[in-house]
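Next, two complexes with chain A in common: one pairs it with chain B, the other with chain C.
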Partner chain A sequence: MDRKEILVELKKVLTPYTENKEMLEGISEQTDLIKDLKINSANLVDIIIDAEAQYNIEIDFDAAEKMYNVGNCIDVISDKINKPA
Partner chain B sequence: MISAGNDIVALQAVDVQRTQLPAFYSKFITPAEFALHKPNEISLVNFVWTLWSAKESAYKYLKRINSELVFAPAKIAVQQLSLPSPLKTNADAHNQYLGKLQISDGTLAFITIINEQFIATVIDEGDVNWAVKQIESSDYESQSQAVRSFLLDGLKMPGVSVEKHSGGYPVLMKGGVTLDITVSFAHHDRYISYCYQIPK
Partner chain C sequence: MGNRVVITGLGVVAPNGLNIPDFLHAIQNGVSGIRYVPEYEDLKFNCQVAGLPDFEWEVLHNYISETSLYGLKGKGIAYGIKAALDAWMDAGNPIVTDQTLWETGCVFGSSVADTDVIKNAINRVDARESKKLGSRVVEQIMNSGVTAYISGRLGLGNKIINNSAACATGTQSILMGYEYIKFGMAKRMLVGSCEFVDRYVFGGFDSMRVLSRKFNDQPERASRPMSATAGGFVPGSGAGALILEDLDFALARGAKIYGELKGGATNSGGQKNGGSMTAPGPDGVVRCIREAIADAEIDPKEIDLISGHLTATIADKLEIQNWVKALGRQGDGFPLVNSLKSMVGHSLSAAGSIEMVAAVLQLKHNFAHANLNLEDPIPEILDIIGEKNLPTTRVDKEINTIAKANFGFGDVNACLVISKY
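Coming up: the complex of A and B.
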């Protein structure tokens, strides 16, 4: 799965947690989940849990704390997907 | 340097079932922190969100001091959580918890108030003014405007406005000058909260 494909799936993960659907449609790797998408911080763990289910991966403490913008989310997901079993 | 940090969690807006799953709370609560849970004093749901709001409050407090700080809830450790006698601060019954957080170079004290509607936390370092209010709308713009108006009503300082610092936190301005009053905002669903400190 390349970064564009991860982004498409990531939009689905983020959709329930942002009311700014227009911004979500046009997100870039620099988009900040809280500042730009106005996602409440209380939902950050929900996003991590949903991403784990969406990509069938496990995201640990250290990886989770990097997931504050879209590019970093893609980095973490890509890393976990491509990690050898 | 004084700072300010608070958080609020609207309990109607959280997924109660998910909150109780180890897969959820283990993302930000370490085993040592989980050992602080006393089921006869606090439900698991309230415990989990109390720790979240304490960590979020500490992050806001520290972010003002170090603007490069990234929110890493597992690295802000709650090391103490105790239940003093219940308080009655208004029509709703409240439980007030006191706690301490371990940060890189010391500790921060916090206060958390829990009732059936919300869990609200403030970092209790210095002379903190703190308030919580329910609002009609839960959209972001309404929350943002309401919490600013709520603070300005509470401050009672004519000519003061709220602006956003490039670091992402709110600052108070008067006549083009940034005031040295530190402010923090929190909102979730239909609840808003502010805290501030005025230097002595």
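Coming up: the complex of A and C.
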């Protein structure tokens, strides 16, 4: 799965957590989950749980801390997909 | 002494009506919300009927944000949000959250946080999967979940309190809001309570043998307050909400006024002299009613209608005796008495607020709703207050003052008095 494909899937994961659907449609790797998409910081753990289920991966606490913008999320997800635990 | 407090908004989620117009129609026409619940037969409960609101989860899209709704599972919280926001809008207020309303608070009660949410947490944790619980569990298993959702949605900035006093909860929440306004601590209070009686709470009551079990095949006849053939109460679920305001505050914004909350009281018999964990002691009840009347500064003779606790257990008879003693009125001189539970069952924490909403509607529209299933009143009740005061069909007459009381486990009593403004 390349970064573009991951981004498409990631959009689906993020959908329930942002009211800003327009911005979500046009997200790039630079989009910040909290500042741009106005996602409640407490919901980041829900996004991680959903991403784990979506990609059948496990995201540890250290990796999760890096997931604050779309690019970081893709980094972590593609890393885990390519190196299954 | 103190500020006058008026009622300016109402909201309800009841087994016989999901909004004020439908609920008004239901109580005017004696519509029962009691249904047979197949799951309860499957669970081998003795009581297999309940008052369950015909709630559609989808309506919440009109009340809270999509992100907030996603992940919301607690039914009691959901009922509470809808009733509270309906009351807020009924009082003519817009839902805007870009500012904090420092003069407005919320007292909203509940008994048990949603056990479906708790069960999910228990199952996950015991399976060593706590990591998968996510961020939305804590806010729904905390008792104050309902006040947190309501106050956050409306930006309420005054006192935000979740109260709990078993079946006196709703009455007590209204009283607390009234007191904050009366003594100048708040200008406006959103008050009420909610309850979702899940299978576990239901099972606990069923095991106590205090629930109706002889009318499972005739659900609408199952809830029979003051009836000689009553054999226990029927659990109900729902929520009721009211907007209370300082009179001057309400007048200044040109609010419509349903009536005045004249006074109230809450106390306990201390579980002595007939009072216990599960039964209200007569001394405490009589004292509570008298204190409410004194606080309202009315003569007991002014009371046109009593909205009783009257659950359809052996306590009904004692309750009527207590009212007779507290008011010093009996026979034909006794006021009309009714019990909303004959239509919706006993919704525990939510009972006080739903019944108060019904009381305000009866005050506003000048009627006393029927007591369903009262074709055979308990003889001892007839002996002391007569048949005329126990309406079995709607009575249309001017209603100027209503006393409303509820009594809860722990021997906790609460009584309110409302009058026309």
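Just so we're on the same page, the second predicted complex is superposed on the first by the 83 of 85 C-alpha atoms of A that agree within 3 Å, B and C clash if a C-alpha of one lies under 4 Å from a C-alpha of the other, contacts with A are read in each partner's own complex, and residues count from 1 in each chain.
Everything that follows uses one rule, which is that a contact is a pair of C-beta atoms (placed from the backbone, for glycine too) under 8 Å apart; a residue touches a chain by one contact, two chains touch by 3 or more.
Please read these numbers as outputs of a predicted model, since none were measured by experiment.
Student: Identify the partner contact of A:Glu5: answer first if only chain B is touched, second if only chain C is, both if each is, neither if none is.
Tutor: In the superposed model, A:Glu5 contacts neither chain B nor chain C.
Student: Thinking of the overlay built on chain A, is A:Ala42 touched by chain B (first), by chain C (second), by both, or by neither?
Tutor: both
Student: Looking at chain A, which partner touches more of its residues: chain C or chain B?
Tutor: B
Student: Could you tell me if A:Glu29 is touching chain B, chain C, both of them or neither one (first, second, both, neither)?
Tutor: Neither chain B nor chain C is touched by A:Glu29.
Student: Applying the touch criterion given at the start, work out whether A:Glu19 contacts chain B, chain C, both or neither, answering first, second, both or neither.
Tutor: A:Glu19 sits against chain B and chain C alike.
Student: Looking at A:Glu65, would you say it contacts chain B, chain C, both, or neither? Reply first, second, both or neither.
Tutor: In the superposition, A:Glu65 contacts chain B only.
Student: Mind working out whether A:Asp79 is in touch with chain B, chain C, both or neither, as first, second, both or neither?
Tutor: Neither partner.
Student: Please write out, lowest number first, the residues of chain A touched by both chain B and chain C across the two complexes.
Tutor: Looking at chain A, the two contact sets intersect at 19, 40, 42, 45-46, 49.
Student: Contact residues on chain A for chain B in the complex?
Tutor: Per the stated touch rule, the residues are 19-20, 35, 38, 40-42, 44-46, 48-49, 52, 59, 61, 64-66, 68.
Student: Which part of chain C faces chain A closely enough to touch in the complex?
Tutor: Touching chain A: residues 65-67, 70-71, 131-132, 134-136 of chain C.
Student: Report the residues of chain B in contact with chain A in the complex, numbered from low to high.
Tutor: By the definition above, chain B touches chain A via 7, 9, 13-15, 18, 23-24, 27-28, 49, 52, 56, 70-75, 139-140, 168, 187-188.
Student: Once bound in the complex, which stretches of chain A touch chain C?
Tutor: 16-19, 39-40, 42-43, 45-46, 49
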